[in-house]
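Next, two complexes with chain A in common: one pairs it with chain B, the other with chain C.
And now, the complex of A and B:
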């Protein structure tokens, strides 16, 4: 093809014959118009500019026009949609989609097929919303009825439906229209492209849709089960794309939990996905295979372990990060069209490089979610850690997101926290994401989870993170609307307060404020309440003077908080935490007074000592034990007071308790009793 | 094993089926049909390492070779290696330590590529694990599996003629081998299917040496000539109509041959000889060997009762034959035309149904890969040996005639090559038994013996008319087969996946 310099302006008058009263002349004009615009963006644009669309639409609608001519017109529309965004948009503006959909209901098979193909092409452009095919329930069922007509039709319908499967609603509409059964028939086709499109459609329908997965299990057509077809197409005699799509369907079904693993996943699907990640495969396949694999193994340790040893997966995936397109052309001495092509090519490659990185991070995140051994191997693989850290500052949000996910999985490793993360100052970009108002909830969530891990006691990063304003940031999170964010906020604070210095503890208390503590204690999310109590317990631990400092400042509120929880409707676990917190307070010096002077609390302690839940009993006894500890100042007075209210009697009763832990604690408490 | 490696000719290149009792170091003990290996040395240092090779090297015609071992016990330290090595490698070593030796070791999971130091490769393995080793003979790469999971390629560019091998180093180590006598844990068939697909793609992507578009013409010509050759006249006609090809022989001539072939295949050799002499007078006169073979067959058929000496061509046969004679003469110049004159490829003639082709299918079947058509005609021959005709030996008059015929044959034998006389002696030996059907030489009576004679006769007729004695299609199939054999001998593993019978 000679292109570029051959663009000749075709005068409008050329197409005047389209309006000729003689049908033969119109037919000839339509045909030459069709031939003229094929492969030429410029010509397509001109057609639109010259306002010929209206006439073409007119030809299509008019009943007397020969179906052959109509077919040509439809093909012209298909061709125009392949032009620029502008031409595609002009088509939908002219209402072509609707007309083509109507055009499906005609008796000419060739015309119908042309309509289908043009629709596929039109919906391929971003300008046109696919939603319209759901505007009338008859459309879907009619599309399905067209499938058996020819291979072209079934391919076109499958592509349309795949495209149209954008939401759960769409999936369900298609399911209820009997799409799986129709597709099951297409799967008997010997034509690879038909098989592929059918499988793609099945994959789109079953993604995160358990209902669909169940339907697939029970669907069959022409005596062949849909499942049988799908499993058959994972076979290695088929081309890679087909294997990939079949594996993708099985992955989605497996994640819906509709079938028991009996080797199909481990010996068929997983190896196929791993294989298709290899560098010999096409880039698009590698991306899709890696993403599917990441999803497949996301929550299953065993699959993660198998994947980690399969076919050099870690190396292969790491190579995604270094991917470079193999051919580089020189920019000099090229025509404008060639330059344009090159630019497009470069853009495409940059996008693919991005997609590859994203997919790789997802695979790493899944691989390292649970197994420390795998994490270690990942760290040792170049250039995983640098890439993850580097990607945190990427301009593309999706890449950042996938990198954080990966970091999150990796941050579960104690060893990593101590070494690699320290070296790479990973918290910096994390903090940036957390403090940026532009960040999405999703990324803040994963970033804060990661931060929680980084704030664990043994993490050397802890100090640095504190210095960069972690306390404020986490306190801010506890005020978020999203419960998971609040949880991560409190969780982070809890990790932060564990074994920390008085300075940090005070900072947390002042920054968070008692009001917020109460708000969190009455949170609807039980986990938030638990972690808040955990935070309070951490604040009230370690040195006695820590405890006393805190209680001297917030004693009243803390006691209120305990009473508040103990009187609430919360579960035993929550109340146990409250009692433990009381025990922590009782461990202080001056703090003890807070409890002993509070008749209400003492009464509650007594009743919990006799509670039917052993854990609660134990926690109460520990609290008592702390109160009566012999060596401490004022022990006698407290013992006397407690004896007065009958605590010792209860302790003696509990000596015969069945639970060994409780018995032990009771014995220790009684040992402390000097009287 | 045969199913796993269909391309392997075990006469030339036997497959490994067990460990060799001779080709091993002293510290290795074998049991359970030489499939179980155990260590019986001291196992103190690496000098106590000890290996065993399989009985035979891996034939290249396997395409992809695979074996598995199960670690029955890891023994004291689990210093076990699984791999491949050449014949001359020292057995007082673990696989992979020496030149031309390659191994995967259980204690550290490293792979050893002709070197004392390993490279991180896979997981470690121990008691209960099943380790597989696969050798791709197309590209010389080797991979391992653990419990059925592919661990990835370990070595590349391996030399040919490697033996499966295992090595042990500490007491208590026991390994069981599976050379394919049991199902594998790993899906080798899947791996093979992929290689087959790749090989097929490679073949179909090869560029056609001549001008684009000629390929189809040539293929159609091959199909057509095959049909003509075997006298599938109706099929050939239909095919020619669909493809626009012309047939290289007059239809009547084709029918004549068909007629003769039918006679031969029906065992009516005498009639066949007569008809041939009538239609193609020169042939049998110039080809005494062929005549001799035909007559020997006739003798056999007489024993079996399918033929008699009295040749009484039915009237319609005679007249038809006379007619054909003229046609045959007239057709000579047509047939002399070069096949190359015919081109014009049109659409493929798919789904040609065969009308009334009575001749049984030739033993050499057409492979549809070459033809792109479903033109394999020929219903199975109806005749079987089920209803054995009563032996001629029971009828004294006929028996006498038979003896006489045999004497004539003996005379004719003077004129033919020495080695051909053997078949006459064999045929005569039938008379030595009272019931030839149950004699050790009864094999001659089988109808399949007619096919060879029929084929030779058919070829001779065609050659007499300057047509190829073998159809090009059969030549090319035979040629490919021969090439595959050469490939196998030259250690080109792809031959395992290029067999015309297997490719579809």
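And now, the complex of A and C:
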């Protein structure tokens, strides 16, 4: 006998009757089969092995079969999907999903509901992709129409939609299919399970979707507003899970910017999330509450400050880092199945510990993002700093990422840089991440931002970082495709070169190379250009002989760079940087020649002195001032030359300038004139 | 004596004071008002929760308090309960699978108790071979899944070792009370699956609260007339 495209031997088992020509016998056999497999994993596997799925599928598809029998078959499928990943896969392979989806349009309510519930079970398995519900727009709208039939139906549909809502596209499809009103109706249910499922669905649908958030903000059904429901469910009379989901929804909507804070966040949502982080709560809730809280306060310093003093949050979160599961008695002489179960349990707990650490680092990263006082408190809390540093070397990428973010926030503290970060070698793991080709772009980005902070001049770890190849690494970053990485590369070099020794400056120039400098100066990202100019300014700073050394090697290219920028279409800010660079060159000894002997540059200086932007004027005047500085050798000759081309005339003109800073610089310059 | 009668009294242990205490307590107790409507609702809730349909219908007529649900919905639960109490386990499981097909997949401990009862019924009828086969086919899997059940399973199988299981140390398993226990467990599970307000009657909840409150008072060594016989509402003499 062949059913579909599966060859099935006539089974010698008790299930012969499934193939009986008499419908009553078939009905009895189906019922019997159902009772047999519910509760027994072995039986489920046997059914699949004996190839009975094809026959069952047949029974569903044949139009003459009694709906009662079909309902039983559907329930059998639901039960089989709860067996193992293997049995679930077999269902998928036998095309059961499509058939059940078709079954949803059946007129028999019992059969329809059975199909719904079985679908929920089937999609629970990793083997079955839920994308299929989007294959036909009618499916979604039909699912929504089934919601009001019963509590079980609403719960099932909500679960399906929550599972199926995995992307922005999904969110938008659901938004436009009438989901808002349907969800709103389910939220009026008096049954807690239904309330929770509806809330979970809603959370999935508004996450990072401003458009959706707007729509849900103004949704109402049966005279009650959706927002009204959600705020109601943050109340403490509800289960923790319900409070958590409601708070999550409000957090997402708030972050989408769809409503103004008028007390709801500070007095309801934030305290709720803080409370749900506590030890008394279930671990899954603690994790979700912490992650949501981290997201809520991420970019708002006021919220960070409030959270930092809320209900011992810092201590509570620190305890995440020390969490251990309840001690369990080890039973002696365990069977294989029990051993498997124990292993599963242990794996689950290890995963929970990991999730807790990640969540804790996210909370700390958000808390310490903007406020120095909070950072100080955090580093004084055990075991925060050592956990963060330790986690930088964790085998799990996600944990490493969360630790880097935390470190980044903390590295914005000057005090920390000077003290704690010297005690803990944070830079080592950071450098490892930066030099590993396998690192994700996101990790490299945050790690390099952190490194930039660590390279500030007063940081004691600066030397060690240099020794381990920081210059090469940063130069490498400047060549990356991602503009943020290029920015961090050049920013790092800029910080590195500030007030630093000649050898470091030389190393930077040599490693980076003048070609790369020019490339960076022509970068599409204006920030990159600015920081490159900043780097050049730093290289041309401090001591005269630094300036002279660099200009003796790269003078020509540096002047070309200045001209390049001044002739470009860039903004005033950028050009100001170039003029400052020029002023620095003018500060050296031998380097002065570069400017004075360059007719073109002198002409430009003159025109900038007369520019309508006072900042540019001031920068040009400072340059002139440096050139004619009386105490320096060759000053007279230079002054004579500049006088010849009319620079002093312009200076005299500018004596009456309105801007006080400009006026002062002009006066200083004129004072240098010896005649 | 100062304010707050009870607390100060507990410091003095003389006999006269104890009598005085009891009188004061009972006096205050007598003053507490519990509206009739509340009591009626409690009774109705108990009847509905436990599945006493006819009694609930009569009570509805006689007291005027509404059951607030269609009492015909109780039929399913009642049929299952009746089947269990009659020892017809196959029928009970079949009915349960019709009513809530996912329940026994999700609650294997409940399934174990139902199957255990099936085994007990086979033992009761002295169908020893069938009993052993049944145990091997079904209960072994339960034992593998959950070590909790092993002890209970052992006791049940031990019945087979006796010539007359009714006089063995495990004879309690064969009693009708055991069937009742399983029936209650199933009843509770069904109520939960039906998203009922509570799987327990509110009357049971109130009594639990009473027991808890008494335990708390005992912990703090307060002397008061303790209700020891809940069913009869009798107080113990404070000695």
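We adopt the following convention: the second predicted complex is superposed on the first by the 661 of 675 C-alpha atoms of A that agree within 3 Å, B and C clash if a C-alpha of one lies under 4 Å from a C-alpha of the other, contacts with A are read in each partner's own complex, and residues count from 1 in each chain.
The rule is short, and it goes like this: contacts are C-beta pairs under 8 Å (C-beta built on N, C-alpha and C of every residue); 3 or more make two chains touch, one makes a residue touch a chain.
The structure displayed is predicted, hence computed values, not measured ones.
J.: With chain A superposed, do chain B and chain C clash or fit?
T.: clash
J.: See if chain A has more residues touched by chain B or by chain C, and give me that chain.
T.: Partner with more touched residues of chain A: C.
J.: Per the contact definition in the header, classify A:151: touching chain B only (first), chain C only (second), both, or neither.
T.: second
J.: Would you check which partner chain A:312 touches, where first means chain B only, second means chain C only, and both and neither mean what they say?
T.: It touches chain B, and chain C stays clear.
J.: Name the contact category of A:117: first (chain B only), second (chain C only), both, or neither.
T.: Second partner only.
J.: Once chain A of both complexes is superposed, is A:591 in touch with chain B (first), chain C (second), both, or neither?
T.: neither
J.: First (chain B), second (chain C), both or neither: which does A:292 touch?
T.: After superposing on A, A:292 lies clear of both chain B and chain C.
J.: Could you look at A:304 and tell me whether it touches chain B, chain C, both or neither (first, second, both, neither)?
T.: Once the two structures are laid over each other on A, A:304 reaches no partner at all.
J.: Who does A:237 touch here: chain B (first), chain C (second), both, or neither?
T.: In the superposition, A:237 contacts chain B only.
J.: If I apply the document's touch criterion, which positions on chain A are contacted by chain B in one structure and by chain C in the other?
T.: After superposing on chain A, no chain A residue contacts both chain B and chain C.
J.: Please give the residue numbers of chain A that touch chain B in the complex, ascending.
T.: Going through chain A, the ones touching chain B are 235-239, 266-268, 271, 274-275, 306, 309-312.
J.: Using the touch definition up top, name the residues of chain A that touch chain C in the complex.
T.: Listed in rising order, the residues of chain A that touch chain C are 31, 34-35, 38-42, 75, 78-79, 82, 114, 117, 121, 151, 191-194, 331, 334-338, 341.
J.: Which bits of chain C are touching chain A when the two form their complex?
T.: Interface residues on the chain C side: 90, 93-94, 97, 101-102, 104-106, 108, 111, 138, 141, 143-145, 147, 195.
J.: Show me the residue ranges of chain B that touch chain A in the complex, using the header's touch definition.
T.: Interface residues on chain B, with respect to chain A: 122-123, 146, 148-153, 187, 190-191, 193-194, 196-197.
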